Structure formats: C-alpha cells, structure tokens
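Please find the structures below.
Okay, so subunit A shows up in both of these, paired with subunit B first and subunit C after.
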Partner chain A sequence: MDINDISTAVRRVDALEKCSGTAKYVSDYDFNDCLWSKMIRSSIPRGIIKNIRIPTLPDGYFWVDYKDIPKGGKNYLHMIATDWKCFAEHDVRYTGETIALLCGPDKKILEDLYKQVEIEYEELEPAVTIDEGLNCKGGAFVNDNNIHCHLKLQVGDVDSAFKKADRIVTETIETGFQEHVYLETNGACCKIENNKYVFYVSAQCPFYIRKSIAPLLNISPDEIIVKQTVTGGAFGGKEHFPDVLCGPLLVAVHKIGKGVKLFFTREEDMENSVKRHPSKVVFKTGLDKNGNILAMESKVYYNAGGYLSSSFVVLQRGCFHVSGCYEFPNFSSEGFGVATNTFPSCAFRGFGAPQTLFAIETHMCHLAEMQGLDPLEFKKRYFIKKGGITSTNGKVVEDVKIPEMLNQVLKTSDYKRKVKQYALGSGKGIGISFYNHGGAFTGNGEQAIIKAKCKLKKYSNGKVEILCGQTEMGQGFKTILPKIAAKVLNIPLIDVIYNNPDTSKVPDSGPTAASRSTMIVGKLVEKAALLMKERFNKEKEFEVETSYEHPEGYDWDQENFQGYAYLGYGWGVCVVEVEVDPCTGEVTTKGIWSSHDAGHLIDEKIVHGQVNGGVIQGIGWASTEVMENINGYFKQKSMSDYIIPTSMDYPSQYVDFVENPYKWGPFGAKGMGELVFNGSGAAYIDALSRAIGKRISSIPCPTEKVMEYMLNGKDIKDSLNICR
Partner chain B sequence: MIKDIDFILNGKKVTIKVNPLSRLLDVLRDNLNCKDVKEGCSEGECGACSVLLDDRIVTSCLIPIGAVQNHEIKTSNYVTSTEKGKIIAEAFADGGAVQCGFCIPGMIIAAYDLLSRNSNPTEEEIRLGISGNICRCTGYDLIVSSIRLAVERGGDIWKK
Partner chain C sequence: MEKIDCYIPETLQEALEILHREDVIILAGGSDLMVFHKNEPSLIPEFEKSVMIIRNLNELKGIRINSNGECEIGALCTSNEIAESTIVPWHLRQAASRMGAVGLRNSATIGGNIANASPKGDMPGPLYLLDARVKLTSLNGSREMLVSDFIIKFKSIDLKKDELITKIIIPYSERDFDYIFWHKVGTRKSNAISKITVGMALKFAEDEIVKDFRLSATSTGAKTNRNRDVENLLIGSKITEENISRVIEAFDQVISPRAMPVFRRESTKRMIRRFLSQCLLHPESRVIDTYDSYYVPGSPKPVFNI
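The block that comes next holds the complex of A and B.
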C-alpha cells in the first residue's frame, strides 16, 4: 500500500456498492423458498396467559411456540445470562414479549390470521420506572427485591472521609431510554442447507447467535451456521437482540422443515426492541471548608427491564466509569440492575458508560456552580493521570493527554472568552465535558472468556484473506482490518479479501462490540501479517493463526471487581455552544468542538466520521430523543414521534485529535467507536443550563422541558441539597 | 383491482399489472427487483426510499403506483451510472459520506435533486436539501462536505 502513514485516509472498500444500492442487506435477498412469519407478542406489560385462541390455520401455515421446543431443548436465549425466554410460557414480563411465531407462504393471509389471534390474560400491576421496580410495585418478580444484579466498589475510605467533611451534599442525575434507530430494521432468515441450520441475518455478533440459540434444540453450535448480511447500522442494538429473532426462527424451521424469514417493520422494531438503560445516579459528596472534594459516594441504578440478559455487564461498565476522568481521594460506587416490566434494556453504544459519565460530569458542574466557580477550573483539580488509581483500584497504564486535548478545544472554541462574555441566564451558553471509555472487554474478559483467534490465508495468486468473526456495521471495519494487513504486508488494499463472516469458515474472534475490534482483533491481524510477511515470498499458499495474549502484570479479580479493568482508555473533551430563544425555549447549537485520543488513528477519515456521528447521537440522547414508557407501553413508535437529529439541527463540527500511540494496539490504535458518544450530551447540557441559568439534572431535555426549567427551575447557583 | 400501469423506469419503458394503490416502493422492490430502493420508516420521514419522479425527489413509500402512470422514475442504481450521478457517488466515497450505507441510495437521490436545482449550493442550502433524509451514522458533516466536493469536481456540469 502506497501510504506512509496508516492514518492517511483511503476510500472505504464498501462505499461505491452502498452508493449504487447494490450492497445486499438481508431484506434484499429473495429467500423465495422460505415462509414468511409474524411474531405474536404479549400485548400487556405483566400478567398470566390464561388462554390463546389460534384461528384455524390453512394448510401450510404453522403456529410455533414453546411447546415446539424438542425434548432436551431449553427455552431460553443464552445472551450473557440465560433468563430471557425464547417464548413466553405462562406469564409475561413486558409488552412485546415473544409468545409465538406464525408462519406461512402468503404475507397477506398471514396478516389476516395474525389479526384473528386472541390472547386472554390475567393482568398484573406492572412496575415501569426504576423507583417502581425498587418499591416492588405489583409484587417483586425477580428475587424478593426486583434486583437483577448488584455490585459495590470502593477506593480509599468514604465513610471516614465523610466524618471530616465540612458539608455533605447530595444530588440525583437521571437519563432516559434511547432507541437505536439503525436505519435498517431487524431481519433474519433461517434455512436448511446441507443438513445445517443456516441463518442470514443483520447482526453484529454471528458467533453470539449460535451460542445463544443452540440450547433450544439441544444441539452443538456447529450445527448452526450464521452468515452476516450487510448491516445497516447497529449501535449495540444488533449485539444480542438478533437472538430474539433467530431463536424462534430456529424452532420454527426445526418444526416445519422449511426455511422461514422474519422482517420487522419500523413500528414493530421501535415498540419491540431493546433500548439504552434508563439510569438514576445518586451522589453524596463531602466537601472541605475550601470546597474541595474529600469523598464521593455514588449509587447507580439501571432500569434493566424484564430479564437480566446482558445488564450486569452493562451495570459493571457503568460503575467503573462513574468516577469519569477524575481521581478522588475516597470514592465508592454501588450498582443495582433493577427489574421492571419494560422491554429488557441492552447494549447501546457506550454500554453503560454514557449514563454514569453524564452523571459525574453534570454533578461536577453543579458542585462548581454552587460555589461560584467555573466548572472547568473545578474539574481540572481532579484530572486523573498516568498511574492514577481507577474506581477498581487499578492504575491508568497510559499517558493521559487531557491537558493537551483541553488546550486544543479551548483554542478552537474560544471557550474562555465566551465564558466571560455570556452571563449565566443570558440566553447564550458554552459548556465543556471530559470523558473516557475503557477499550475492549472489561477485566479478564478477553483472556478468560473471549480468547479471540484470527487467521490470515495467503493464496497462490498473491491475495490474502482475513478470516475472523468481526462485522462491518457502518463503523468501517471492512476497510480498517484489510488496511492493517495491507500495510504490514506492503501489498495493495485490493489484494486483501475480507468477506462478511460466515461462522463455518472463520474462527471466533469475539463479538464486534466494546470498542474491541480495532484494538484486539486489529492487533491479531497485525501480528498475523507480520508472521506471514516472513514467509510471503517463499511459500505460495499458507495460513497463519494468532490468538489473544494478555500482557503480564495487569491482573483482574472478577469476583470482587478489583484491578486493571481496562488497559487502554480512549479519552475525549467536548465543547458545545448554544443559544436559547427566551420566548419559546428553542435551543440552537452554535458550535461543537472536540478532541479525542484514540491512540494512533488507523484511518483519519473513518475516525472523523465516527466522531461526527457519535457526538450528534450523544446530543440527540440529551436533547430531543424522548422515549417514554407509559404504564408499560412505549409511547414513541415511529420516526415522526421519536426525534433523532436531522442535517438541519447541528452545525459542522470542529474535530481534533491528539497522538498517543497505545503500545498493545495495531499501529498504536485504541478503541474509539463508543468513546465519541460518551461526552457530548454532558457538554450540551452544561451549555444549556448556563444559557438559561438553571440547573438541569435529567435528560432528555427537549424544548418543552427547557421551558419548564426556565419557568420553574432551580437557579444554577443554588446550593445542592445539604444532608450534613 | 388490477390495472396496467405504464411508466419509464431507469430509462426503460415498463408495463406492470398491479393494484394502482400499491406503494411505489413495494412495486419497485418486489415486482421490478429494484433492491437499491430501501425501506426505512414506511411513513415518509426518513427518505431512505427516495427516488426521482420526473427528476424531482419523492419518498416512494408514500406514492401509489397509479400516480406514476406515464411518468418517469429513476432510482439510485441508475442515477449513479449517469455522468452526474457518478460524480456524486465518487465524491461520497472519497469524502467519507458512507458508513452503514442504508440511507445512502436515498441521500444520493437528494444530492442529485439538489444539484439539479442549484448548481452551487452553500452549506446551508445543502443541509436544507438533504433534510428529508435521515442518517443515524455520520452526523451529516461528511455527507455535506462530500456534496460540496461533487460540486467542485463537476464544475459546469451542474449547470447543464
């Protein structure tokens, strides 16, 4: 490859086929020999199924439910936990829970039959919010307290430090649901090919699907082949959720002996899919006479929904990130995954980190404002550095370049001048946030659970194929990974083949999640390419394999969550400037400036695109993306009532980076796909609260809420609640 | 009710027997195999199903096929094979406009429609021009700059 630096942008390998529309997404396949299907779901948030009236089915139409799971099979989806049922049996825990799959050859007849299905329930009182879950409204349905999962961490000694505090203040910060709105809705097709169950599916993690659904038929995952189709966005929403489609499809194909396909409409997808966990973080902070933080306690509550599924891992990441980019002398966090009768919450870009990072950034702003200090100056006192102790009593392994990044954004945004110029409540405001994201799986996940493997194969024609399970979902990995191989081998990019994964052909390199693909699998490819290089000209056709090796001396205790949670963090600083209409509360974003540390960038244009998209998604989450669950039903069901950013909503961003090569990443690269989401919401809310002069402690904050704050909100300078 | 509908699709005359109330989107995808037209929201909000109707952008999920009788439809696969469309696609590819790609066929149609009406749009005008097309990946910046790149590369071609 004729570029000197791996960062130099190249054209994405999949760009032109996506422009012409010839890239084949799952709904673009014919699957003519397969039956259509409709999912039958619970229409109530909580209750007992009393009776199901199935209409008389014409020949060739099938009703598939839990009774069709063969003897020895288990009615669950093995995500991380195994509690999420494939089909509801006697009770339902949330609106949209899968009860059955109706299959048949004609879409219209299927639609008619679907409307004739009648389900009688004995309805029970649902618990919908975190507080309702904690109060066991309607009676506990998980354990005896509705707590799915729990953890506790401490650095130093918070209680002793509180005794020395001049005053202790408390504050609660809340965040709401967020819907992924990947432009391509969920879809999958299962067929029998050569006596194996073969799935074509829009998904992030093909190997996850095999593992999750094989127990349904009590078969080995090898009996199932998953072929990822071009995936039209995912953002975490296609990490575990495709299992919810593929499980019932597998049981249906097993029963019917014929292929079955399932595609969600947008409304169906929005009403009946996983969302970002709503959160509530309660801080208790002890200050000395001079307003310095002596100790901070945080209680982190995540609304996990009806089943645990992946929520404990999300909660862990939340608790590991709740101290933000800061090191406090005494700090504790305690996390609770709360069971409610809402659709189970699951992965969404950031995986639990954005909620707590928003919380700590916002709390830090409020601690500063109540003392009449500029939030930036206050936050600066606590920036963590290399060697600093993390919330899990590990250390930060790398250089922390926050000062350099801060200098960049101060310069580009003219922050200091604007802070002086825009008085609190003047209608103009500028805000700033600091954030990080631990790259790859937490703790020992990579070495103990994932154990990623990757292969490179050289063919006699000189072409090289990458064999691994990573998927392209828009983030650019189909270009990033071949670029790494091509650069090491010094061959043209076009000579590197990297097909969408087919689980029967590639080794399991772990999920495409947790900002781990470039950092971990990219490194495996770099290592494999280096091994291949030595033999490249001598041998015509050969294969090399590499597997993950954890650097020694960075241990993790998974039982007590102690040690090195992450070896490499991405870091970010974001500044947002807004103007608020004093009559309508309408907010105009005037500027967005950011700087990120993603190590050494593999492709500056791809990374730039990730920053742009992540930052806007983060501001959307904090502002217009209102997803309410009223009595167990999502209120927003379409793209006309769930408002995601359009091209008119935000100005072009000013994007900067710092160079900070990561010693265990390919060419020095670190993970960054989630990082870029993690901080823009807090910067936006900081700017907005300064502009209106009111304290904002919950998101989303759409125009109508801005109005409410303007009319009845607490003054930004008011003291937080003093509890001692 | 089944009727013969005649129209020009991507430069070729087609006749199709179909219920005239069928959505243009379904007829294009299911009857005429134009899989380049994507279904995103089914209610005219996201623009993924955009096509050109007599060279103006429409969302094909909202148009009954009967309304297309004797009119001309162009989809992104065809548009990107034309001289102007190629310039847009190449600029999108070089400018980093494409991520997951699901909105892109519609976005190409929006860019084409815009540049046919305005040969030298400002950033504001570009943002307005693509405002009916939702993208969840890019935050729009690189789409906007890619359209500028197409303007610069095409030069006078946009005045034709």
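The block that comes next holds the complex of A and C.
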C-alpha cells in the first residue's frame, strides 16, 4: 500500500455496496425453501402461565416451545451466565419473554394464526425500577433479595478517611434506558446444509451464537455453522441478543427438519430487545476544610432486568470506571445488579462504563459548583497520571495525555473566556467532561477466556486472505483490518480478502466487542503479516497463524477484581456549548469540541466517523432519548416516539486527537469505538446546568424536563446533602 | 380478509360519483393512512373498506389568490408546495416547512392533515389563527365552513360521506398584522412531532390600542385551541402588564394538556408574554421569536428568568 502513514484515510472497502444498496442484508436473501416464523411472547411482565390455547394448525404449520428441546438438551441460552431461558416454561419474568415460535410457509396465514393464540396467566406484581427491585416488590424472584450479582472494591481506607473529613456530602445520579436503534433490525435464518445447522444472521459475534445455543440440542458447537450477513449497525445490541432469535430457530429446525427464518419489525425490535442498563449511583464524599476530596464511596446499582445474562460483566466495568479519570486518596465502589421485571439489559456501546462516568463527572461538577469553583479547576486537582492507582489497585501503564488534550479543547472552544462571559443561569452555558475506556476484555480475560487466534493465508495469485471472526457492523473494520495487513506486506489494499466470517472457515478471534478488535485482533493480523512478509516472495501458497499473548508482569485476580484491569485506555475530553430558549426550554447545541487519545489512528476518517457518531449518540442518551418502562411495558415503541438525534440537531464537531502510540497495539493503535460515547452526555448536562443555573442529576433531560428544572430545580450553587 | 376495491379516479366528477355510491376511505398523500394500516413487511396493508386514491385529481391542486384577495390552496397541495409558495400566508408556510422530514413533506397534503384531525397536526394551528375555511364538494354542490368548526374533536370531522375536501381558503395573511409569531417545539429539530406549537398575530390601531390579536396553540388538548373571548381581553385595549397577565391566565383555562402539563402550560405562558411584551417595544422585525439569539452582535442581553 503506497501511503506513508497508516492514518491517511482510504475509501472504505464497503462504501460502494452500502451506498448503492447492493449490500445484501439477512432479510434480502432468498430463503424461499424456509418457513416463516413469529415469536410468541409473554404479554405480561410477571406471572405464571396457566394455559395456552393454540389454534388448530393447518398442515405444514408448527408450534415450537420448550417441550421440543430434545432429551439431554438444556433450556437456556449460554451468554455469560446461563440463566436466560430459550423458552419460558412455567413462569414469565418480563414482557416479551419468548414462549414459543410459530412456524409455517405462508406469512399471511401465520399472521392470522398468531392473532388467535391465547395465553392465560396468573399475574403477579412486577418490580420495574431499581428501587422496586431492591425493595422486592411483589416478592423476590432472584435469590432472596433480587440481587443478581454484586462486587466491592476499595482503594485506601474510606471509612478512616471519612472520620477525618470536615463534612461528608451525598448525591444520587441516575441514567435511563437506551435503545440501540441499529438501522437494520434483528433477523436470522437457520437451515440444514450438509447435515449441519447453518445460521445466516445479522450479528456481532458468530462464535458466541454457537456456544450459546449448542446446549439446547446437547450438540457440539462445531455442528452449528454461523455465517454473518452484512450487519446494519449493532452498538452491542447484536452481541448476545441474536442468541434469543437463534436458540428458538435451532429448536424449530431440529423439530421440523426444514429451514426457518425470523425477522423483527422495527416496533417488535424496540419493544422486545435488550437495552442499556438504567443506573443509579449513590456517592458519599468526604471533604476537608479546603474542600478537597479525602475519600469517596460509590454504590452502583444497575437495572439488569429479568435474567443475569451478561450483566455481571457490565456491572464490573461500571465499577472499574466509576472513579473516572481521577485518582482519589481513598475510594470505594460497590456494585449491585438488580433483578427487575423488565427486558434483560445487555451490552450497549460503553458496556457499563458510560453510566458511572456520567455519574462521577456530574458529581464532580456539583462538588465544584457548591464551592463556587469552575468544575474544570476542581477536576484538574485529581487527574490520574502514569503510574497512578486505579480503582482495582492496578496502575496506569501508559502516559496519560489529558493535559495535552485539555489544552487542545481549551484553545479550540475558547472555554475560559466563555466561562467568564456566560453567567450561571444566563441561558448560555459551556461544559466539559473527562473520560476514558479500558480497551479489550478486563484483566487477563483476553488470555484466560478468549484466547484469540487469527490466520493469514497467501494464495498463489498473490492475494492474501484474513481469517478471523471479527465482524463489520458499520464501524469500518472491513477497511481497518485489511489496511493493517496491506501496509505491513506492502501490497495493494485490494489484494487483501476479508469476508464476513463463517465459523466453519475461520478461527475464533473472539467477539467484536469491548473496543478490542483493532487493539487485539489488529495486532494479531499485524504479527501474522510480519511473519508472512519474510516468506512472501519465497512461497506461493501458505498460511500463518498467530494467537494472543498477554504481556508479562501485569497480573489480574479475577476473583477479587484486583490488579491491572486494562493495559491500554482510550482517553477523551469533550466540551459542549449550549443555549436555552427561555420561553420553551429548548436546548440548542452551539458547539462540540473534543480530543481523544486512541494511540495511533489506523484511519483518520473512520475514527472521525466514530467520534461524530459516538459523541452525538452520547448527547442523545442524555437529552432526547427517553425510553420509559411503565408497569413493565416499554412506552416508546417506534422511531417517532423514541427520539434519536438527526444531523439537524447538532453543529459540525471540532475533532482533535493526541498521538500516544500503544506499545501492544498494531501501529500503536488502541480501542476507541466505545470511548467516544463515554463523555459527551456529561459535558452536555454540565453546559445545560450552567445555562439554566440549576443542578441536573438525572438523564435523559428532554425539553419538558429542562422547563421543570427552570421552574423548580435546585440552584446549582446550593450545597449537596450534608450527611455529616 | 375479503377483497376490497381500490379506485383511482382521474377527475373530480368521477371521484364525486364514486363517493356518492360507495363508502370509501379517501387516500391523498397516505402519510397517515399507510402508517395506520401498516402490516408486516411483504404483506399488503389491510383496509377495512374500499379505498379511493385521489392523487390524480388536478382540480384539487395548485395555489392561487382569488378575486377577494384570499389565498386558495388545493386540498392535494403537499407540505413542501405550501412551504415554498410565496403567496401562502407566513404562519402556514412555517408550519408546513417544519412538518416531518422531506420525504413526508413531499407526500403529505393539507387536506389530509386537516381530515386527520390530530391535536398534534401541524396545519390546523395557522388555519385556525387566520380564519381559514374548507370547501367541501359533493355531487349536490359545495359548502364552506371554518376549519375550526370542521374539526369537531379528536379525530372527528364534519365531513359527509359523499363529500370531498377540495380547497382551503385563507382570508388573512401576515400583511394584515404588525407582528407575527409562530413557534413549534418539536421532539427534536427536524423530523419531529409537535410537543407544543403556538401561533400569534397582532395589529395595532392608533394610540397603541390593539386592533386585532389572535392566538392558537396545538398539542394542548383534544383539538387545536383558539378562543376569541381570550383574544377580546386585549382587543380594544392597550398592552399592559396587567392585560398580558389576564390573557395568559385566561388562555391557561382554555388549554387542557394531558401529558407534560407543566411544560406545555408554562411554555405557552412564556411565549404569550414574550410576544406581547415585544410588540409593546415596536421592534423593527415584524417576526417575533422566542428569544433574541444570544449570538447576534449588539443584540440586547436576554433576560433569562421571565
């Protein structure tokens, strides 16, 4: 490849097929020999199934439920935990829980049959919110306290430090559900090809699906082949959730002996898919006489929904990030995954980190404002540096370039002048946030759990194929990964083949999640390409394989969550400026300035795209994206109810980066796909709070809530609750 | 599902004859009806009775000024046609230009927006404000009535089975007023449904006496709200702090928002206060907005807490 710097942008490999509409998504395939299917779901949030009246099914139509799981098979989906059932049996824990799959050749007839299904329940009182879950409303249904999972971390000695504090203040910060709104809704088709179950599916993690559903039929994952189809967005919503489609499809195909397909409509997908965990973080902070932080305690509650599934890992990441970009002398965090009767919460860009980062940033702002300080000046006192102790008693391994990034955004945004000029409550405000994101799986997860492998294959015609399980879902990985190989091998990008993964043809390089693909798998490709380079001209056709090796000396104790949680963090600073309509509370964002440290960028344009999208998605989460669950039912069911931002809502962004090559990443690159989501919401809310002069401690904050704060909110300068 | 007929008449006469003999669903732009009757992908939408698609009726298209100087808009005019026409009154152009997204604005019609009778509809507000009339035509002739009378209540209109909305006639425009106001608070900046929309217009007589004042609000009850008793509190008087408060309090009694009541009531109050207090200052711009942009050099510093 004839570019000097790998950062120089190239045209995306998939640009043409996506822009021209020729890309084939799963529902575009001619699965004509396959049956249609409809999911039969629980219509109540909590109860016991008393009776199911199935209409008389014509020939060729099938009802598939838990009774069709063969002997030896297990009725669960193996996500991270194994508690999420494939089909409900006796009780239901949330609205939308899968009860059965109705399959048949004619979609119209299937629709009519679907409408005739009647299910009788004995309804039980649901617990919907975190508080209702904790209070065991309607009786506990997980353990005896509705706590799915729990962890506790401590740096220093918080209790002793509290004794020395001049005053101790408390504050609760809350965040809401968020829906992924990927452009392409969920869909999958399962067929039998050469005596194997073959899935065509819109998904992030093909190997996860095999592992998750094989126990249903008590078969080896190798008997299932997963072929990822072009995936129109995921954001974490297709990390584990495709299992919920593929499990029932597998049982159905096993029973019927024929292929079955299942595609969700937008409304169906919104009502019946995983969401971002709502959160509640309770801080207790001890200050000395001069207002410095002596100790901080945080209790982190995540609404995990009806099943644990992946929530413990999400909660862990939340607790690891709750200290933000700061190092406090004494710090503790305790996390609780709360069981409620809502759709199980799952992965969403940031994977638990955005909630606690929003919480700590907002709490830090409020600690500053109550002392009459500019939040920036207060936050500056605690920035963590290289060698600084993290929330898990590990150390920050790399240089922390926050001072450099801060200088960039101060200059581009003119922050200091504006802070002076815009009085609190003047209708104009500027806010700032600092955030990070630990790249890849936590601790030794890459080494102990994933054990990623990757292959490069050279063909006699000089072309090179990348064989790994990573997926393109819109983020640009189909360009990033070949670019790394082409650059190392010094061959044209077009000579690198990288197809959508097929689990029977590629090694398992781990999930496309956790901001790990470039950082970990990119490195495996770089290493493989270097090995290949030595033999490139000597041998016509050959393969090289690489596997992940964890750097020595950075230990992790997964039982107690102690040690080096992450070796490479992405870092970010974001400034947002707003003005508020004094008549209506409408907020107009006047400017967005950010700087990020993603090591060395593999492709500037793709990284720009990630920043643009991530920052806006983060502000959407904090402002207009209201997703309410009323008595166990999601209220927003369509794209006219659930308000994601459009390009008209925000101005062009000013995007900056710092160069900070990561020694274990390809060309020095680190993860950044989640990082760019993690902080914009806090900067926006900081700006908004200052503009209206009121303290905002929960999101989302749409126009009508802004008005309520303007009318009845607490003054931003008021003291937080003093508990001692 | 039984089979239904679908008619696509080419002339108004043909359409009226179909209406005369058969009970049909009239489909113009389809932007509401097709969503309402949406079916699973690849399945045909299901209508409970026959459908008549009237898009081809040229008699229902076009915008002109009639001999009385009134603006006449064909019922099939789309939001984009209305937004782009310079002869359409300002308030209606504003409303049309902020409706949905471009694709919807190219398809949705003014006749359909009125017939849908949604309290969140974008067009009825300005039409109420400007005393617009609908022309209803059947084989037996035509009749005209105020849009505000035609829309009876939530999703209910005074249309006989054999009638078609053919025209909307608007007697007033911004030229009849000294100051005008229209503000939609959408769920976001574009492609948005109204959370609240307020339209106002005011004309002074001599000596600061208010000659005409109009006020309408959508998304604040079962139908668009306009109340002449409230307007009469100001007409014939001067704008004073006391009068402004009387109008605000009286209009607050008129509206009945169910969801987001605090926001809807308070923002309505603030918008009325802003408009009237600005009129009193006789600013150069006839268009009054909710606040002076903080970013225009030399503009007065906004007073935030009204």
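In the analysis below, the second predicted complex is superposed on the first by the 724 of 724 C-alpha atoms of A that agree within 3 Å, B and C clash if a C-alpha of one lies under 4 Å from a C-alpha of the other, contacts with A are read in each partner's own complex, and residues count from 1 in each chain.
By our rule, a residue touches a chain if its C-beta (ideal position, glycine included) is under 8 Å from a C-beta of that chain, and two chains touch if they have at least 3 such contacts.
Quick caveat, the model's predicted, so the values are computed rather than measured.
A.B. asks: Compare subunit B and subunit C by how many residues of subunit A each one touches, and report the one with more.
C.D. replies: B
A.B. asks: Which partner does A:S7 contact after superposing on A: first (subunit B), second (subunit C), both, neither?
C.D. replies: It touches nothing on subunit B or subunit C.
A.B. asks: Could you tell me if A:S273 is touching subunit B, subunit C, both of them or neither one (first, second, both, neither)?
C.D. replies: So A:S273 meets neither subunit B nor subunit C here.
A.B. asks: Under the stated touch criterion, which partner chain does A:P645 make contact with: subunit B (first), subunit C (second), both, or neither?
C.D. replies: both
A.B. asks: Looking at A:N444, would you say it contacts subunit B, subunit C, both, or neither? Reply first, second, both or neither.
C.D. replies: Touch status of A:N444: no partner.
A.B. asks: Where does A:V230 make contact in the superposed view: on subunit B (first), on subunit C (second), on both, or on neither?
C.D. replies: After superposing on A, A:V230 lies in contact with subunit B but is clear of subunit C.
A.B. asks: Thinking of the overlay built on chain A, is A:C19 touched by subunit B (first), by subunit C (second), by both, or by neither?
C.D. replies: first
A.B. asks: Is A:S594 touching anything from subunit B or subunit C once the two structures are fitted on A? First, second, both or neither.
C.D. replies: Neither partner.
A.B. asks: Which partner does A:T265 reach: the first (subunit B), the second (subunit C), both, or neither?
C.D. replies: A:T265 sits against subunit B and subunit C alike.
A.B. asks: Output check: A:N436 vs subunit B and subunit C. Expected answer is one of first, second, both, neither. What do you get?
C.D. replies: Neither: A:N436 stays clear of subunit B and subunit C.
A.B. asks: Which subunit A residues contact subunit B in one complex and subunit C in the other?
C.D. replies: Residues common to the subunit A contacts of subunit C and of subunit B are 27, 265, 640, 645-646, 648, listed in rising order.
A.B. asks: Show me the residue ranges of subunit A that touch subunit C in the complex, using the header's touch definition.
C.D. replies: Against subunit C, the touching part of subunit A is residues 27, 107-108, 111, 263, 265, 425-428, 579-586, 590, 624, 640, 643, 645-646, 648-649, 692, 702-704, 707-708, 710-711.
A.B. asks: Across the complex, what residues on subunit C touch subunit A?
C.D. replies: 39-43, 183, 185, 187-193, 195-196, 260, 262-264, 266-267, 270-271, 274, 290-291, 293-295, 302-306
A.B. asks: Quick check on the complex: what are the subunit B residues that touch subunit A?
C.D. replies: Going by the criterion above, the answer is residues 35-43, 45-46, 48, 75-77, 80-81, 88-90, 92-94, 96-105, 108, 123, 126-128, 130-131, 133-145.
A.B. asks: Residues of subunit A touching subunit B in their complex?
C.D. replies: 9, 11-12, 14-25, 27-28, 180-185, 230-235, 265-267, 473-476, 605-606, 608-609, 612-617, 638-640, 644-648, 650, 652-653
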